[in-house]
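Below you'll find the structure I mean.
A, B, C, D, E and F label the chains in the order they appear, each numbered from 1.
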Amino acid sequence: MAKVVQHIERASTEVISRLGQAGVATVHEAQGRTGLMGASMRPIQQDVSIAGSAVTISAAPGDNWMLHVAIEQLQEGDVMVLSPTSPCGMGYFGDLLATSAMARGCSTLIIDAGVRDTRDLRQMGFRVWSTAVSAQGCVKETLGSVNVPIVCAGASVQPGDVIVADDDGVCVVPRGEAEAVMAKAQVRLDAEEAKRQRLASGELGLDIYNMRPRLAAKGLEYV
Amino acid sequence: MAKVVQHIERASTEVISRLGQAGVATVHEAQGRTGLMGASMRPIQQDVSIAGSAVTISAAPGDNWMLHVAIEQLQEGDVMVLSPTSPCGMGYFGDLLATSAMARGCSTLIIDAGVRDTRDLRQMGFRVWSTAVSAQGCVKETLGSVNVPIVCAGASVQPGDVIVADDDGVCVVPRGEAEAVMAKAQVRLDAEEAKRQRLASGELGLDIYNMRPRLAAKGLEYV
Amino acid sequence: MAKVVQHIERASTEVISRLGQAGVATVHEAQGRTGLMGASMRPIQQDVSIAGSAVTISAAPGDNWMLHVAIEQLQEGDVMVLSPTSPCGMGYFGDLLATSAMARGCSTLIIDAGVRDTRDLRQMGFRVWSTAVSAQGCVKETLGSVNVPIVCAGASVQPGDVIVADDDGVCVVPRGEAEAVMAKAQVRLDAEEAKRQRLASGELGLDIYNMRPRLAAKGLEYV
Amino acid sequence: MAKVVQHIERASTEVISRLGQAGVATVHEAQGRTGLMGASMRPIQQDVSIAGSAVTISAAPGDNWMLHVAIEQLQEGDVMVLSPTSPCGMGYFGDLLATSAMARGCSTLIIDAGVRDTRDLRQMGFRVWSTAVSAQGCVKETLGSVNVPIVCAGASVQPGDVIVADDDGVCVVPRGEAEAVMAKAQVRLDAEEAKRQRLASGELGLDIYNMRPRLAAKGLEYV
Amino acid sequence: MAKVVQHIERASTEVISRLGQAGVATVHEAQGRTGLMGASMRPIQQDVSIAGSAVTISAAPGDNWMLHVAIEQLQEGDVMVLSPTSPCGMGYFGDLLATSAMARGCSTLIIDAGVRDTRDLRQMGFRVWSTAVSAQGCVKETLGSVNVPIVCAGASVQPGDVIVADDDGVCVVPRGEAEAVMAKAQVRLDAEEAKRQRLASGELGLDIYNMRPRLAAKGLEYV
Amino acid sequence: MAKVVQHIERASTEVISRLGQAGVATVHEAQGRTGLMGASMRPIQQDVSIAGSAVTISAAPGDNWMLHVAIEQLQEGDVMVLSPTSPCGMGYFGDLLATSAMARGCSTLIIDAGVRDTRDLRQMGFRVWSTAVSAQGCVKETLGSVNVPIVCAGASVQPGDVIVADDDGVCVVPRGEAEAVMAKAQVRLDAEEAKRQRLASGELGLDIYNMRPRLAAKGLEYV
């Protein structure tokens, strides 16, 4: 049952990069409001956005052995995504593992559990979204798997899916849909820019979106 | 039932401004420890204090239609205060709505729900206290009301009440009591300044407040 | 029952200082993964580490009277550690008490309850780890004790124990073990430095720690 | 500021009784989905429904003095509704206070805080909806008020409002609207009974409510 | 995107029934400790076990329209499994929908959201595991899907998977593995029965499982 | 560091039994409102009270090996009290371990973690207070200790301390104080009985405790 899938498909660097620029809220909208991880997934740093290909890790609660295994599978720009098989807030990851991951070209971890050495991680430029911060260390006793489908903070993640993360949270874009989602995100970004200028000039959403008739029809009263 | 009250009374700019300078803890004490919103109401920015007049919004859970309606009612210096009719952590508000509100002179939102585009909001100087951060978008299907009495994060808010918010949380000052509360807050501030100097010089609160006799009377033993 | 113990033993300044430099995660590991406070104990400032001797405070919920009593017992470099006798998120501590504590040479509070004036505290350089932020003030009606054994955020604390705190949380080192723990922490730090360099050069933990045979023995499959 | 309002208006016994029979879900719908307390408000007993007039109590956190004051104001069929001025999970109420309240004809407490002696309360037939169960006792040091407007578990309560509570939670009906809400609730109950029979016979909501055209119009596909 | 898959495969009645008798803890162990929903998923009734085939429902937050659509797809013995696309504690389901589902042969709902009319549901014999109880009603405005893959309370669910639920929680068994899991569960049950008798007679697990040598080897000291 | 203390002192059966009859709230009051575990410690059964001598267990998170070790140390009437060294909601204990413990005369577990087989445990008459219910199983890899001081749900527990538990929660009475606490509890029980009769006859606490003058002195107004 415990296995490491060594070859996974990844989306193109171009698509990944543009999804990262679009940001979580726009990407989430562009793919029909799916793929968002739960709000308990918070960044340990501020004002940072990333996107990358998911290397998934399924680990036993309180056991971070599989992180060592996963690091060997990393490629430049990958994002590690770890979910324990039972809820766990212990510290799976710290500055040594980050050093190792960065040496493989990976500088982001998404983890439905805890991390430690958070100050060091920020100083190293290693980015983390986690559901906990804890100095409590893990054991290395039980096998898990690398690059298998997982559920992380309520979202389904397949290896190679595109992970987009910023201050708003984390969103998962299925690899096969990444290009289409990027196209839709671009349409939204373009439309938003036009609207932003009209709104900034004082025009109201009520008028831009022609909401007044529907509000009236539903019975809204002005008094 | 769904209505928009277009004319509300506001406190004077002078009183609002001075309440903001006094800050949440002092104002809360000055009005007899009432009006504080719950501790789940947290700022998305740090080291920022505000005060303004409440434009209240009662919205259906997951439905941000009424924000568009409310923005038309905003005046310079107003604070939007939104509470859903059922607990909801979805993202009601982002950078486009902020652009629109700022065009009307409002740069603060207090919301017992979620916001998104938090990095953009910080960069724009739009200030938010919320109970959640989430990229999950809302629908526009159900009417709510603007400028009606609401309960937000456990505190009662009337339209036109003065909202004071800083890193400690959010406090509501009833409009009719704002001037009296400001006067009491000033008395506290003056008294605190004198105490601060004595404490800084090494004098003890035990002596300044003459606590030793009462401690002894209650039976405190030094061993 | 309510008492103030006036004379407590403290660890040496040298040991305390070196434990602070080692940090929470290392110290926690060095003493066999014990003494860590719960993850709800969070700093109000970022990227700050401290260590000091615990002056413990057992207080009634919502009653901060004993803080005034405790401040008289403080020595240069001490850390106040307060635990209410029942869970409480109210604001026990603000800038005036911080001014008084700093005048006695103490600039850190660890509290399983709330604090207020957080912006002022950061500006004063007073450091806080707390389980809540709240402007809600306390009364001064019920006695508690100073320098008695307490349980704070799930960890047992004796007066004079060494408190180490940073962005990862708070760890308690029993005074009598402080020197031994420091020695073990130093061994870890030295070992980590060597490993860090090997990992940074691209060597894998799998190889450095010789994990491959044990992984294979447990049945891990590469596919 | 601390006061006891001795004379309050109450709804008629008939209206109160019928609202209780309708139950929380129906009453909540009948008054436009307003007045529901938060889901943290849970019963200590199962399969019990009540309705009564609210005698409101605003109390300091950890201080149950005002319960003694409130009991003197109780009339047959009243419901005590207590909210602390700051979140508090301590045990405000136990079997002695229940004995006293029952002697005045009141056998229900709604409390945004804790209770104790829960087994005894169940055996006495005293009904409680609370946000906590805790043996931790309170002090009697700080005044509060009786029969003033309060916010309890997120809902606004005026003295004399009708409280309806069952296994689903607690709903507040403004006294002045109680009769109208009862009428609307009855309409719902009648309509529901007819629908229940059709649904029980195997007819589908899709057909009874004629949902198929609107689903198709919105684009639902059957595959 | 919104769709209803009308034909799904189901496991055999025999396998489903035996998985239900084995119970959640045994089934979870038998399939390698996978498939368990989070601990926030709690029953509204006590001492009840069920097993059935999942009819999955993906619904917008606060919108229960798809339940009406799903009911048409139910077969005898099915279990509805609903997950909102964003966290939501509102009441999606009550006695009318239960009446309709029972008319189709389904008497169980697993929902990562709220239910209401809980007393009625218990009296009707309709079984629910939910993450919330709330009288707050839903709208019927936004499409979702029926019989698509979902994530419910942290567990991945495919339509037709076997759902096992009891007082310990809810476990998902992939349909294709149901028979093999049942076989492994039976082996465990048989082994447990033998162990239970030895343990009941006073024999120790230390001896039955021959733990003493390994404990000694790891360094456990008896003092 | 990992050790099993084989001989511990216990309080007398008579004292333990009478503390159990007094119940958690009374015992907690009698010992000066100390020793109460946190409110997250909930019973899996209703209307059951127990008291017994603590056999303490310190276990690694997700590792229930030490339960097997502890069971050998049990005597008739003992209560197992387990606390993990890091927060953990996994299922440490089920019907097999309960069978083994009951064969040694122990029928109660207090655990700051999860249990499973809860229905079976209720049917066997094995009583549990826990902070979680979860079917998720544990490993047996890491040593812990038996009969050492622990902190459980925020309360300090020494081996041999008297544990009192009922529907209100769990309270710890230090063994050396058990007799004195029992005497104080009896005084309370006697006093309460007298008060109960006066309250039941309609006399008010305001009069029995002579509260009116102090309320008036503090400024309470009747309007």
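We adopt the following convention: contacts are C-beta pairs under 8 Å (C-beta built on N, C-alpha and C of every residue); 3 or more make two chains touch, one makes a residue touch a chain.
Everything numeric here is computed off the predicted structure, so don't read it as measured data.
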Chain E and chain C - chains in contact with each: A, B, D, F
A-E or D-F - the one linked by more C-beta pairs in contact: D-F
Inter-centroid spacing, chain D versus chain C (mean Cα positions, whole Å): 43
Rounded Å distance, chain B centre to chain C centre (Cα mean): 31
Cα-centroid distance, chain B relative to chain F, in whole angstrom: 41
Multi-chain contact residues (two or more partners), chain A: 33, 36, 39, 85-87, 89, 134, 136
Interchain pairs in contact, sorted by label: A-B, A-C, A-E, A-F, B-C, B-D, B-E, C-D, C-F, D-E, D-F, E-F
In the complex with chain F, residue positions of chain E that touch it: 23-25, 28-29, 33, 36, 39, 42, 46-47, 49, 166-169, 171, 192, 195-196, 199-202, 204-206, 209, 211, 215, 218-223
Footprint of chain C on chain D - complex, ascending: 60-63, 85-90, 134, 136, 139, 141-142
Interfacial residue positions of chain A with respect to chain E in the complex: 1, 32-34, 36, 38-39, 85-87, 149, 151, 154-156
Chain E-touching residues of chain F, taken from the complex the two chains share: 2-6, 65, 68-69, 71-72, 89, 91, 94-97, 99-100, 102-104, 114, 116-119, 122, 132-137, 140, 143
